[in-house]
Amino acid sequence: MAEVVRNVLVAALCCSGIVFFLGGTVGLLRCPDLYARLHPSTKCDTLGACSVILALIILSGFSMVVLKLLAVTFFLMLSSAVCGHAIGRSAFKSGVVPWHKPGVEPLPPMEVEEP
Amino acid sequence: MKRLLVLVALAVIGVTLLYGIGKMPPMDSRASPDKTHVVPRYLGHGEEEAGAKNIITGVILNYRGYDTMGEVSVIFSALCAVIAILDREKKGRSRSGVDASRVRTSLIVTTVVRFSLPVVMLFAVYTMLHGEPSPGGGFQGGAIVGASIILFTIVFGLAVSTKRIPPGARVPMESVNMLGFLSMGFIGLAFGVQFLTYILPGLGVAAAETVRKLMLDVIELGIGIGGGIIFISIVFSMIREDRYELQQDVP
Amino acid sequence: MNFSRMFHNLNYVVSVLLFLIGLYAVTVKPNLIKKLIGLNIMETSVFLFIVSIGMVESGQAPIVTEGVKTSQMVNPIPQALILTGIVVAVSTTAVALSLCLRLHERYGTLNSDEILASITDVSQLGRPWEEF
Amino acid sequence: MNWTVNLLLMLFLLATAVVAITLKDLLAAVVVFSAYSLMMAMLWTQLRAPDLALTEAAVGAGVTTVLFIIVVYRTVRREDR
Amino acid sequence: MNVFLLAVAAAITVNAFLCLYQAARGPTIQDRLISINIVNTKALVILLILFFVIGQPAMYLDIALVYALLNFVVTVALSRYVETERGARG
Amino acid sequence: MSWALGVAADHPVLLVAVPLLFAALCPIWAMWKRSACFPWAMAGMSVTAFLAWSLIGDVSPRRALTYNLSGWRPPWGIQIRIDYVGLLMVCIITAVGLLIVLYSWRYVEHDLKPERVPYYYTLLLLIMTAMIGFSVTGDLFNMFVMMEIFSITSYALVAISGMKEAVRAAFKYLLMGATSSLTVLLAIAFLYSATGSLNMLDISLQLKSTSYVQVAAVALILFVVGFSVKAALFPVHVWLPDAHSIAPSPVSALLSALVIKMGIIGLFRVFFTVYGPGFAARSGTWNGVIDVVSWLAVASILVGAALAIIQRDFKVMIAYSSIVHIGYILLGLTVLSGNGTVGGLFDILAHAMGKGCFFMVAGIMIYKGNRRQIHELRGVGRTMPVTAWAFTIAALSIVGIPPTAGFMAKFYILWGCIQRGKYHFVVLALIGSLLTAVYCFRVVYYMFFTGARRPDARLDEGPVTMYAPAALLAAGTVFFGIFANLLIPSLTAAARLVLAR
């Protein structure tokens, strides 16, 4: 019985992971500009990865492996966030202009204080 | 015209290679010559003969240790080559192009790098010394050390890095990998066995095992430290731009 | 060279294709960085080829652990060789890249056609290090 | 089933190689080349070579690509210049 | 279970193809960087799945750790370079 | 003394380990004092040369010296195997290398940025290590590793002056060299999959019974392609004139006298140690490849000589002359007659001495007054007599005029061709010799028989550490020409063994 529950859980988590990945990819392909593309890349992707890793944790039972998997998850989340920030910032600094809908007034350019 | 010629040459090479692989033993077979001639001994007795659960480590350090000595000489000669072509940076005075930029590094990135650097270093040392029972080893650990220091340099600037790790401290460390191999080899010669033999005669069985483990660890650490420092030195001398570009390019 | 055999040896075929792609980049692309990327692709293709030789069906990594029989393990020698090979590849790349930096400093371009076009007479050269 | 994944990885490897040598922006080519390196590490895992995967991950992602980026930054970014 | 995991890996690989297409298409360098970042994350997940399919995940997990640690070296280095004056000029 | 001799015979690995130790310590030594690097390198080379020459009595054509690294027997471990050809190469490398280090001293002070001098000597020691290791190893993959060391160091040595042409030549050399190294690695892979071994003798044993003959044949083709680039055979010679003419002169001497010989040694090992004439019975590829290589060798003789004649630059002319001699050596090795092989091996020695001397003379001309063009050498015979006479004697050897080593070499090569009935090769090689005479004696004519109106008083002999090595090498060509019998009988025995395999 426990076996069945575990398998169902794993399958469900994997499938949700794939769905999130797919969402991220579709967002990447469909979004109009770079700043919009940052959203699917950072959020959906991390979420998808985390669900699959959670499935693997359930699959492996509790041992040393889980600890390493958790470490991987931690660093994945950290690097995903930091990379998203760094890429967005570099795009802004190098003068990539945010996309705006034709006919809609764009936001005025703003000066950001250096920290 | 040139492109056509190249394409014809590529076609000839491709057909030759495809002919060769068509005649080779099929990929997964267990009966091909390479799996029946030399390898069974490595797999069957490698653990006790070479002293490593990871047979690859055993092959690298013990059965084919001389090749690995050549390998560390290759990377040392690459360092010498890069320095002979580009020259070394000056301690604390060399700047990279990024340092001179008015755009400063993001606070978030610097903070994350500062806090993750010790973790990466710890992991690198673990990799270096854990090459015997699991994948890993000196060179991999060295590469991780090198990569983390490179990240530090890019984020904090070359001047800070060269102050922390000055050239004078790096020069002796760069030869450590070759010196580790050579010293272990000469210890073997002094005991009257062949070069790079780790089982020394005249010791008891248990003592010989311990000595072998110690010698292999020394070599692994040597490869790791030397390799890491060599990567760092190569990147430092490639990243510095204090000769001519700073005057004309960066405002 | 029948087709099913080639499909069984998929890794070999792919490594040959990668070798050709790399060689194409090395010979045809004018940009030196592109040439070096091609060289790296060639190197990895050869490594893939060598490691594929040592593969066995449903094999395990050659690390002695409980529950793994030595007869299941793959051939460790190619892997040991390729570890050396990767180091060699990195070293070659580092040297080549530093040469690229020097070339750009001297010629102001990394396009091999332009570099070839600007050859000067060898006899006119003096003592080059005095110019720094 | 395993060979399907293997085939897909191989195709991906070929695709990254082709993209890396056709892109005109050298920095982009280098970035795609780092993905090529990662795919290679995955193939090492498929071929049961964990040591090589570790080396490729550390060297390919950490050292070689950064060297390429440094050189491209210091020289030219467009292929035709 | 292994077959299911492999199917998951295959699906993720197909996703990665689309990301590579975006990397080849993306107009700016940052677009490509985002795409390759996604490819890297997917690669990490595929790698983890492959470890479990092969068996002995404890032995292989160090590789994934190295990936996760060094994943952002390239991204940070490149975004740092591109945001400076010279890098922004292209 | 006898103890030291015994150590070298017991542990031939010291031939590699000692220069490597000196190379590893050289940058550390330079931290203390930069000028201390030259004596350090000199000491390293001297010890190595002493170790190498002390082996002369221990190796004969029938008895090779073997040494198992880490104590593993051959198919399992790496074996160092010093056979007669290997010992000949090691002796040439150490002797010429010693002279080149001595020659470098003043040249490098004059011509190189001071910070780079320690790394110059380190690279020199590393390249010597790698060449010695390449010549004595009995393992194919170890051969590849050593080849990579000397390739990488030679790319750097070509570019070390930082001149724009030098960097360009080095990059070209690197692209071709790295591609050829990969080809060799691919060949090793094919051979490994066919035989399952990496030891050369073991491979040749396995090849007698393997069922994968075609794979081995493909490997042979790839080996030949790879090593031909290293040896600068005709269609793939294009890197050589650039690299050899623009490198600093001691480096040119090193590359020309020793490094391109490594490609030849690689081909020799592949043709005769790994495959052997016995492989011809199993596959026609061996004979076909040998034929192709001998035709390419003749082509490089003619093309190299023709291109050398039209050069105005002295060093470029000498560089093309190297291609000619690569052709002669490979012609000798591929006619498959005992005398031809003897001639080819002997020509390695003759060419190492002659071409080393040529480049050293060219270096002295650049050192004193920056003369690179041939017509600028007017009247050198009067102002710099030792240098000019050294050049003349070496030119006699390169052309092949009787009392020199070059004559003996060419004589044996042509004798081998005649024995095998390949008269067309004889005719073509003699035409090549004639062309060689033209371009060599043109320089001699300028040196001695045309005079500058007012000899420049500043342009006297260079430093003694520069012309003495050149003169010694020139004297060596005469010595080995007269006392050729020191080597010929042993070489004949070695050649007979090689061809009987």
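Per-chain numbering from 1; labels A, B, C, D, E and F assigned in written order.
The rule we apply is simple: contacts are C-beta pairs under 8 Å (C-beta built on N, C-alpha and C of every residue); 3 or more make two chains touch, one makes a residue touch a chain.
The shown structure was predicted, so the numbers you read here are calculated from the model rather than taken from an experiment.
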#### Entry: Number of hops, subunit B to subunit D, where each hop joins two touching chains
1
### Taking each chain's C-alpha mean as its centre, the one farthest from subunit C
A
### Message
Between B-E and C-E, which chain pair is linked by the larger number of C-beta contacts?
### Response
B-E
#### Entry: Innermost chain, taking as reference the mean of every protein Cα atom displayed
C
#### Entry: Taking each chain's C-alpha mean as its centre, the one farthest from subunit D
F
#### Entry: Cα-centroid distance, subunit C relative to subunit D, in whole angstrom
11
### Query
In whole angstrom, what separates the CA-based centres of subunit B and subunit F?
30
### Query
Roughly how far is subunit A from subunit D, going centre to centre by Cα mean, in whole Å?
22
### Query
When the C-alpha atoms of subunit C and subunit F are each averaged to a single point, how far apart are the two points in Å?
27
### Query
Of all the residues in subunit B, which ones touch at least 2 other chains?
17, 19, 24, 32, 34-35, 38-39, 42, 54, 56, 64, 67, 70-71, 74, 77-78, 81-82, 85, 97, 103, 109, 116, 127, 134-136, 139-140, 144, 147-148, 150, 154, 234, 238
### Task
Quick one: which residues in subunit A touch 2 or more of the other chains?
75, 82, 86, 89, 93
### Task
Two or more other chains in contact with one residue: find those residues in subunit D.
48, 50-51, 53-55, 58-59, 61-63, 66-67, 70-71, 73-74
### Message
Which pairs of chains touch each other in this structure?
### Response
A-B, A-E, B-C, B-D, B-E, B-F, C-D, C-E, C-F, D-E
### Message
Using the touch definition from the top, list the residues of subunit D that touch subunit B in their complex.
### Response
50-51, 53-55, 58-59, 61-63, 66-67, 70-71, 73-74
### Query
Across the complex, what residues on subunit D touch subunit C?
3, 6-7, 10, 13-14, 17-18, 20-21, 26, 29-30, 33, 36-37, 40, 43-44, 47-52, 55-56, 59, 63-64, 67-68, 70-72, 74-76, 79-81
### Query
In the complex formed with subunit E, which residues of subunit D make contact?
1-2, 4-5, 8-9, 11-12, 15-16, 19, 22-23, 25, 27-28, 31-32, 34-35, 38-39, 41-42, 45-46, 48, 50, 53-54, 57-58, 61-62, 65-66, 69, 73, 77-78
### Query
Considering the complex alone, what residue numbers of subunit F touch subunit B?
11, 13, 17, 20-21, 23-25, 27-28, 31, 67-72, 75-78, 113, 115-116, 119-120, 122-123, 126, 129-130, 133, 139, 141-142, 145-146, 148-149, 152-153, 155-157, 159-160, 162, 167, 186, 190, 192-197, 206, 210, 212, 214-215, 218-219, 221
### Summary
Interface with subunit C, subunit B side, in the complex: residues 2-3, 6-7, 9-10, 13-14, 17-19, 21-22, 24, 26-30, 32, 34-35, 38-39, 42-44, 46-47, 53-56, 58-60, 64, 67-68, 70-71, 74-75, 77-78, 81-82, 85-86, 133-135, 139, 234, 237-238, 243-244
